[in-house]
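Notes follow once the structure below has been shown.
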Amino acid sequence: MDLFAVAWPYWHQFFFIIFAATAVGFGFGVLLSKNVVRMAFYLVLSLGSTAGLFFLAGAEFVGAMQLMIYVGGTLVLLIFGVMLTAQKDFINMDTHTQDWILATIVGGSLLMVLLFAAFGAEDWNTPQDLTDAKVEATKEATPLGLALTGIRVDTLGETDDAVQGGKAGYLMPFIIVSVHLLVVLIGAAYMARTKKLSHATDDKSSRAKLMLFKMEHEAELLEEETYVVTHRGQSALNPLDPQDDEN
Amino acid sequence: MADFVNHILTLEDSWIGYIVAALVAAVLILHVVAVGALLFIWMERKISGRIQDRLGPTRVGGKFGWLQTLADGIKLIAKEDVTPDLADKFLFKIAPYVGLAASYAAFIALPFADGVVGQHVNTAVFFVLAVLGLEVFSVILAGYSSGSKWSLFGAMREAAQVVSYEVPLGMCVVVPVMICGTMNLTTIANMQAGFFTNWLVFNDPFTFLTAIVYFTCATAGVNRAPFDLAEAESELVAGFHTEYSGLRWSLFFMAEYSSMFIVAALASILFFGGSHGPIPIADVLGLLSLDNLGSSDPAFHVFNEDGGGFFASLNLEIAIARFLGVANLLLKGTIGVTVMMWVRWSFPRLRIDQVMTMCLKYCVPLAAVGFLGATAWQALDLPTGNSLMNSPRYSHHELWTADDSESTVEEASSNEVQTPHEDDTHAAAKAVELKTVPVSVVKGGER
Amino acid sequence: MASSKIDDPRVIEFDVRTDEMLINMGPQHPSTHGVLRLVLRTDGEVVSDVEPHIGYLHRCAEKIGENLTARQWVPYTDRMDYLAAMNMNLGWSLVIEKMLEYDLPERGRHLRVIISEMGRIASHLVAMGTYGLDLGSFTPFLYGFREREKILNLFEEACGARLTYSYLTPGGATADLPADWTGKCRQFLAEFKEVIPELHTLLTTNSIFVSRTAGIGVMSAKMAIDYGCTGPVLRGSGVYHDLRFHGEERYTEMYDGYVFDVICADPATGKYPESNYEFHGDSLDYPEIPRQAVLGDCWHRFYVRMLEVVQSVRLVEQAIEKYEATSGDWGTPIKLVQKLPVKEAYMETEAPRGQMGFYVVGNGESIPWRVRARSSSFCNLSVTAPLCQGILLADIPAIVGSLDVVMGEIDR
């Protein structure tokens, strides 16, 4: 088999094929599975394999990011949400034909755009001798981190102020994204906050109102309750019953 | 290591070397996970026994009952593997493996000593945290797929708890990363070589605070008491693993104990000097000097390049120093695990809202204070532990000035069997400096 | 409880509401103390409704009592509150003695004080240990059991059994205490006093324990009385009521000449009365009340038990002296086929879990016509439903555990 022969001597290709196959395979798993939780699980594996591809390409920081943010963060919340909200009707999803058609059109056009862009890149068109290729890990994530805080270490040698100014780091986008996230967090906290009864009193069926009512009238209810002392029940054999003595 | 294997097998850049190296690393790490779990479960039983004024296991395996876990393991293997009727069978069966795989994978990037690491990852701190965070999937899937309400409760608690505690945990981890200016665990550990005053926990009061917050959050992150809500037996029967039995059940435990060790080992690397002991014995004996630190290849320095056979090329001094380093880290990790056990058998369990309060109202602000304080300490150049004791700190040198990065590109394109840290261009930079702060280096780069 | 403020923490309404879940907690569940079954209605972690179901340990003990003679039924009382079997024996013995108008000799009286107070210590130790277990702390359980073992050893020497003693019988006890028993008992008390501060460190003053119990399951004095709660549950709410002081004369005269305190906080100040008992030389028997604790909450119920243990130690110390000062008959057990008079008798004693009452009707034969037991745990359990509304799931073991119910006594 050609594929095997190609892959075998070169580790990176070999692992690339493994990771790519896993990512694509479980991607199809997401598409074809009907159980929502399984879909989410396949998505975990698919995105995890994508992280593997990043590691393979030497982009360790991005790979770890992928694991932490997509797999560890987003998908945990996704599964969490699915688990809590999905009822029987939604656990098993049937996709209608029109959904398939729509999804094919949208997904297909997106795929075309991606393929076009990918094969438009020059490196992809140029045949390369890969036998000597050796993937080296990038040095550190430090330059990236510094760039995020506005210091581009790769341009420190730049003497031209105009060029230097043009490569001013990514502080501004970073701040914008952070503020955006903060807004989202505050919004989420606002949505999920517990509401005191005073906001809910208009709701007639409010459980809180019922609770309040019960608590308000608890003392009265207890007082009104008469302690019914049931009579011991007269038995013909009761030795203490005066009627029994006659027997 | 692959190159070394090829070297002694007199092969040229062959894939056999990679396979052998990968297998050796995988088997070694598997032993840390499996044998570690055996040891830790036995330890847990002995420690809990001693704390509770009883003996713990005494008979299996002769003295101290040290084979008790093995006997239990055999019993568990022999047990029936029950899958409930209501379970989602596929997810139920696969969930324990997910957890074990996650905690096993985190070991890949954990340096046991300078250079003794499965795979050298530059962003190792991040990698370990990210991979360890995946363990939550096993709990969620197990809880969901069991088809039991108690399991579902356990899974919900676990998800909420782990996602919350990753925030302060990440913030605490950033502090050593910030001080050392690298995410490379090997380098972070090496920067704490020397006397214990070099340990980052004694760097300044804020790192001390951060170390404590880190350990608290790590305990919560791996679901140990008093944060073991996902398996709170008094409330949730057994939480997420209520429906599990036999080997699958024991896989959860293996994952739990190896995660405990990982977070403890990470704590020792980040704050307690990693593979370097409180007193640099290896250094004093002349086995190891600061100069030959910082390799990413386990075989590097241990074996001479030009040696003939295995023993002829063995650099015994460095091999012993590495061995001491591994022993050091394992000991420190075990101490951390022991502390977790001690806590577990002393305290009651917190309630879910208290766990969340603890995270959001105490741990996150404290971690933030620790981070800001440590940053300010570095920025203001206040005296640190190592500067007070006048003990120099090994300083790593990354290639992030413009000139250096050019040389790196050249080096990367060449086929030399050298890792970035050992090349000659940085020998000068490796001269011991008192302190390395990213800010000062950036200033230096402007010249 | 009766207060209804709009900012009451129990009154909450969620914007994001999940579906309610109906959960069976028990009868096989680690923290329901045997076979109690609680049906919970929960919204996420918040429990909106709790309904206790009982009867899983019903063994027709009362009906059996109507087919056996008074002495033959003694072993069945053991199996009611199996953690305080001595006190169960005592309750049954006293009610039969009341019926027969039998007066116990002096030595037997002190023997009963020793035995029943030791039984109280053993029972409260289990209550303390299992409460720790309910809150996820395993170690206090074994500390409690270690001390209880010593008590059981003493009981074993006295009567040969370790759980179901049948030692105290109508008429006295099956045997006098062995020759060197009191010396061993003294030694145990001396050792036990050293342990009590340890238990306080492990639980009472532990900050996690306090945060789990203080302010949880608050029961007002009125509510406790309304629901018929007795024992430490009642006194934890600040009601000064202990049958050893306030009971029938036939029972209280057993404690004539003894000095001890009723452990109950003053509702006005929320403070426990200063003990005049020199324990350990300092005030270790009274750890400070934490700031968060409210009178009538789980913490106070637990605390009352812990302090009662000290008072029981104090009582046993006095009883041993009095016992050793007397000699002669310790009370001969009644005949196995002793005929009961045609009359009824009812009597309540202060068992570790509350007021344990026995009711017996005789019809002139040796087999009683009617036997009934008034269970303390049964009434104490009845507050579960009102206390467990709007709390978190993890509070249920905390509340049920603080009531310290024994299902054998409830289901009989």
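Labels A, B and C are assigned to the chains in the order they are written; within every chain, residues are numbered from 1.
Here, contacts are C-beta pairs under 8 Å (C-beta built on N, C-alpha and C of every residue); 3 or more make two chains touch, one makes a residue touch a chain.
Keep in mind the model is a prediction, meaning the values are calculated, not measured.
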**Asked** Measuring centre to centre with C-alpha atoms, which chain is farthest from chain B?
**Response** C
**Message:** As a test of whether you follow the contact definition, which chain pair has the most C-beta contact pairs?
**Reply:** A-B
**Centroid spacing, where centroids are CA-atom means, of chain B and chain C in whole angstrom** = 49
**Asked** Can you give the whole-Å distance between the Cα centres of chain A and chain C?
**Response** 50
**Prompt:** If you average the CA atoms of chain A and of chain B, how far apart do the two points sit, in angstrom?
**Reply:** 25
**Request:** Could you check chain B for residues that touch two or more other chains and list them?
**Result:** 156
**Asked** Among the residues of chain A, which ones contact at least 2 other chains?
**Response** 84
**Item:** chain C, residues touching no fewer than two other chains
**Value:** none
**Request:** Can you check the complex and tell me which residues of chain B touch chain A?
**Result:** 15, 18, 88, 90-91, 120-123, 126-127, 129-131, 133-134, 136-137, 140-141, 144-145, 152, 155-156, 159-160, 162-163, 166, 181-184, 398-403, 405, 408, 412, 415, 420, 438, 442, 445-446
**Prompt:** chain B touches which residues of chain C in the complex?
**Reply:** 21, 23, 29-31, 44-45, 132-139, 142-143, 146, 202-203, 206, 208-209, 211-212, 392-397
**Touch list for chain B against partner chain C, complex** = 48, 51-54, 149-150, 153, 156-157, 225-226, 228-229, 232-237, 345-354
**Prompt:** Within the complex, which stretch of chain A touches chain B?
**Reply:** 8-9, 11, 35, 37-38, 41, 44, 48, 60-61, 63-65, 67-68, 71-73, 75-77, 79-80, 83-84, 132, 134, 136-143, 146, 151, 153-158
